[in-house]
Amino acid sequence: MSLFKYSAPSSFYPLAGRLVPWFGTLAFLLCVAGLYIGLFVAPEDFQQGEVYRIIFVHVPAAWMAMIIYLVMAFYAVLALVYQTRLSSMMMEALAPTGAIFTALALWTGALWGRPTWGTYWAWDARMTSTLILLFLYVGYIALINAIEDKKRSDKAGALLVLVGSVNVPIIYFSVKWWNTLHQGASVSLTQGNKMAATMLLGMLVMALACWMYAIAVGLCRVRAIILEREKNMQWVRDIKEVNDQSSAT
Amino acid sequence: MSAVLPTPDLLLIPERGLWVAAARDVKLAMRSKGELAQALVFFVIVVSLFPLAIGPETALLKRIAPGVVWVCALLSVLLTLPRMFQQDYIDGTLEQLVLSRYPLPLLCAGKMAAHWLTTGLPLAAVAPILGLQFGLDSRELAVVVAGLLLGTPVLTMLGAVGAALTLGVRGGSILMALLVLPLYIPVLIFGAGAVESTMAGLDAAANLSLLAAMALSGVVGVPFAVAFAVKISLD
Amino acid sequence: MSAVLPTPDLLLIPERGLWVAAARDVKLAMRSKGELAQALVFFVIVVSLFPLAIGPETALLKRIAPGVVWVCALLSVLLTLPRMFQQDYIDGTLEQLVLSRYPLPLLCAGKMAAHWLTTGLPLAAVAPILGLQFGLDSRELAVVVAGLLLGTPVLTMLGAVGAALTLGVRGGSILMALLVLPLYIPVLIFGAGAVESTMAGLDAAANLSLLAAMALSGVVGVPFAVAFAVKISLD
Amino acid sequence: MTASLLQARSLTLIRGERSLFQALSFVVQPGEAFILRGPNGVGKTSLLRVLAGLSRADAGGVFLNNVEVTLLSAAHRAATLYVGHANALKDEFSAEENLTDQLALDAIVSSRETRLDALRRVGLLTRRHVAARKLSQGQKRRIGIARLMLSDRPVWLLDEPTNALDQEGVALLLQTVDQHLAAGGGAVIATHLALPLQSPARELTMQEIVAEAAQVAMVAKQ
Amino acid sequence: MTASLLQARSLTLIRGERSLFQALSFVVQPGEAFILRGPNGVGKTSLLRVLAGLSRADAGGVFLNNVEVTLLSAAHRAATLYVGHANALKDEFSAEENLTDQLALDAIVSSRETRLDALRRVGLLTRRHVAARKLSQGQKRRIGIARLMLSDRPVWLLDEPTNALDQEGVALLLQTVDQHLAAGGGAVIATHLALPLQSPARELTMQEIVAEAAQVAMVAKQ
């Protein structure tokens, strides 16, 4: 019940405000720790040398890319079933972060591919699936921006993300399967298995850092969205900083 | 005549809605001089662009044949998607569809059926000829056709969602393509995969059955999704 | 204010018509958030469809890269063609263009310029990235870009004729594709040819200069053809 | 309580920053026409679309026979017929084909004779084979009248039905509406013209809401 | 001979099997409105489109200042302004942007003040930033009135300009037309309503041609 209380933007806005600093600082600390482990503690890889350290950015980013989309799908269900405005706002707030992580995974991957496979890009299973994931994000963002009426863009976006989410696993596995001819992905797979404990630790810490970052940024953005959407509601007019802003201008 | 009380719902056969909508759209497609033919010819032309662009080596062409045929099928379906709702949206028919006494999902299903009959089916029918040009043998051709017969319905259904979502949005046609294509990719992979595995002497059943599964699950869910999308596009 | 006698034709600068029309369409394209971006992403997606369908062998992909990139450029221009006249035709703007005091050919030229700026130019800009993915080297990439810069204007111009001719015809978008694609083939051959000859270590100049020639001759004649097509589409 | 065919209870609709109407309530009784008037942009079309279920009000509800309807439920769709500015005609179909299709969509079973008769009454018999694209503005609207003649929905929602009609066409329209009302139907009609109906009619003149508190004025006359 | 702004000389237009009008001739003098009447589908719109040059008559010619015009020649386009059923508005542009663009296309140089003033007079000042898609039917037509206010073409060809306008809107339109006529312009207006113009107006009531020989009846009154 108390959860439902916070599904109202008016009550969620201040809560989010209070949470942001915590997640923000956590993200920062974890990131420092993770990078320290990754860059200094973790041993050099016997066959790849120093390059492999990209993994500490690459893999967490790749994971987040997929997870955030699933989280959005979850909110989509809420938006469609319970018609909660907030969940649509959360989707809108998360999409850019997800897209950025996806791009980051692609980019770091490409950078990594150069030394290890001798090419920035191969049509490897994971690369391709990640690329498609990026398209799904871009599609969602393009759609909700193309529809100016918020009521409509919310529903449309939610529907799209749902349909898309059905596709994510299909894409993921099918591409693997189609790729049986290809060796590219196996590199990352085998690497994943025989990974030194410290490497794993570093990756996990970094993954956590990304989580915290995503949450913090998501909350910030959702606060902005709430203000923008409900600007002519009384409770927004009552907020102090808003008043100061408007009086200043 | 007017203001007779509406036929009690017992007398209204909802299923007729599917038929009404389908018949109407098929008639429209027939009416506008050979719209069928057009979807086909587009398919044929685009496919034949590749030998022109890539050069005539038979081995190479045969190697890329499955991919090319499927990508082109994808694109020609894509190009016909606007037809499904755009016109109805502009001239106000869509409103009347939503307000019709027949359940909207059924009407949408009817429209999708019509679209498949006038697009996917012809494509599957003409594919073998193109396959021959690329030097596929009869077994591979059979798989191409089977794949298209199972895959194009999925393309129509996913496309319908995209088309409905982008109604009345400017730059709609291309935005739609942007939404729909990523969703099409699994179909593409299974479809082309089926042919390639046949070429590699393996069994295509796995890929094909996956396509069938997608088609079946689509038939269950998609009409409701489309109906929903249509409704919000009008509000 | 009203019924002032019209500014004598001495005072009317016809060339402004080109600017008026172009500015208007570019603004429209910008307005609908990131229509440019969309055209681009479409291009990127379609290109990436092929490796998915054909498989990832680098050698093979590099071999077919020029063909694929060019066919996709063709298609993404094709898909944006309706944008040029369709909307104006439906909402009555086209009538007003015809009745404007600015010469219709100039207005049409303006619309084509806008279309190229929002379609062909971005394509040329993004092509290198795709080329990289297919493993083309910098010299080949340069030729791809040069080819697109010279070829896409031709695509726009030929497309404009097709788009104008099929106005108000049902299933227009696909009928248009039929009219336009055959006309596109020369561009395709020269464009892809240029890249392939570079790959083969030969000189691309011949092909490129042919593209340039087409573009130039187009600029002279096409606007009048388009203007004519627009007029007859209204009667 | 009085029999009420259609009822609007405290409807509120917000567009952009402004609310078009607030806590708007009215009753349409069987056999009665309810005329919506008001300056351009006051919200007549929007109101009709809410009643039809095409858009969702921000507050309030629509009632049929004193039962609240869920928007676009089977009952709702079976009860109301909405005719807006768009003619819902297929350009390449003939007048007759268009009428036939519209009736099929309305789930009306009608013989060809009835359809041709309706077309005759709206003066399109000789033009029944002409493609809708080539028909004149008024002729297009007249197909809509023919559809009304054969409709079986009790509540009609008509948005500026006289648009593009000549005097004779308007007379025809009014006659059709009168018949419908005489048979116990009801109608909500948005218009800028005086509609000399035989049947009892009440008028609602909507006014732009200035202050938030302001209420829509209700001018009832018999 | 009398000064004649616009003149139709024995125009004939054939659609399908039938001719809509035959050897139709009339003169529009400066300062005078020429009202086209007649039942739906008689050919008013078609006639206006011929005068504007959008479609070609099967016989006869159009004259400006007693000089025959070649269809859509620069002179022709500089002289006539055609406003049909379509509003020529861009859905995603605001009312103001739409007006600005239309004027640019009409080659009218106008300051932002004049434009805003015109929008104010048609009652769209407060709505000038609303996208045309969201405007009401009448508000869309009112943008057209604003365009008329700033137009510099001597001959206006208006097809049912009162459509979807409320009483105030109609008054505004008539006032605009009167100003235009007072300044020596001319107008051909197709309508089904009575238009109480100040300026002198003549009426042509077109009738459907039954026999081939039949002539269009000309009812001239001052």
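First chain written, first letter: the chains are A, B, C, D and E, and each begins at residue 1.
By our rule, a contact is a pair of C-beta atoms (placed from the backbone, for glycine too) under 8 Å apart; a residue touches a chain by one contact, two chains touch by 3 or more.
Nothing here was measured: the structure is a model prediction, and the numbers come from that model.
Counting only chains that touch, the fewest steps needed to get from subunit B to subunit D is 1. Any chain bridging subunit A and subunit C, meaning touching each of them, is among B; the list is complete. Where the sister copies subunit B and subunit C meet, the same residue numbers recur on both sides for over half of the interface positions.
The chain pair C-E and the chain pair A-B differ in C-beta contact count, and the higher one is C-E.
Chain centres were defined as the mean of their Cα atoms; on that basis the chain farthest from subunit B turns out to be E. Comparing the centres of all chains, each the average of its CA atoms, the largest separation from subunit D belongs to A.
Chain geometry summary: the mean Cα position of subunit A and that of subunit B are 33 Å apart. Separation between the centroids of subunit A and subunit E, computed from CA atoms only, is 57 Å.
Each chain gets a centre from the mean of its Cα atoms; for subunit B and subunit C, those two points are 27 Å apart. Here the CA centre of subunit C is 45 Å from the CA centre of subunit D.
Residue positions 28, 31-32, 87, 90, 169-171, 175, 178, 181-182, 185, 189, 235 of subunit B are each in touch with at least two other chains. Shared interface positions of subunit A, defined as residues touching 2 or more other chains, are 135, 138, 142, 146, 175, 178.
The residues of subunit E that reach two or more other chains are 85, 91-92, listed in rising order.
Within the complex formed with subunit B, the subunit D residues making contact are 52-56, 72, 74, 77-82, 84-93, 97, 101-102, 104-107, 109, 114, 148-154, 176, 179-181, 183-185.
Per the touch definition, subunit C reaches subunit A in the complex via residues 32-34, 37-38, 41, 45, 48, 51-52, 55-58, 61, 132-133, 135.
Residue ranges on subunit C touching subunit E, taken from their complex, read 1-7, 9, 12, 16, 20, 24, 27-28, 31-32, 87, 90-93, 95-104, 231, 234-235. On the subunit E side of its complex with subunit D, the touching residues are 15-16, 38-42, 45, 85, 123, 127, 130, 134-139, 141-142, 160, 163-169, 192.
Partner subunit A is touched in their complex by these residues of subunit B: 158, 161, 165-166, 169-171, 175, 178-179, 181-183, 185-186, 189-190, 193, 210, 214, 225, 228-229, 232-233, 235.
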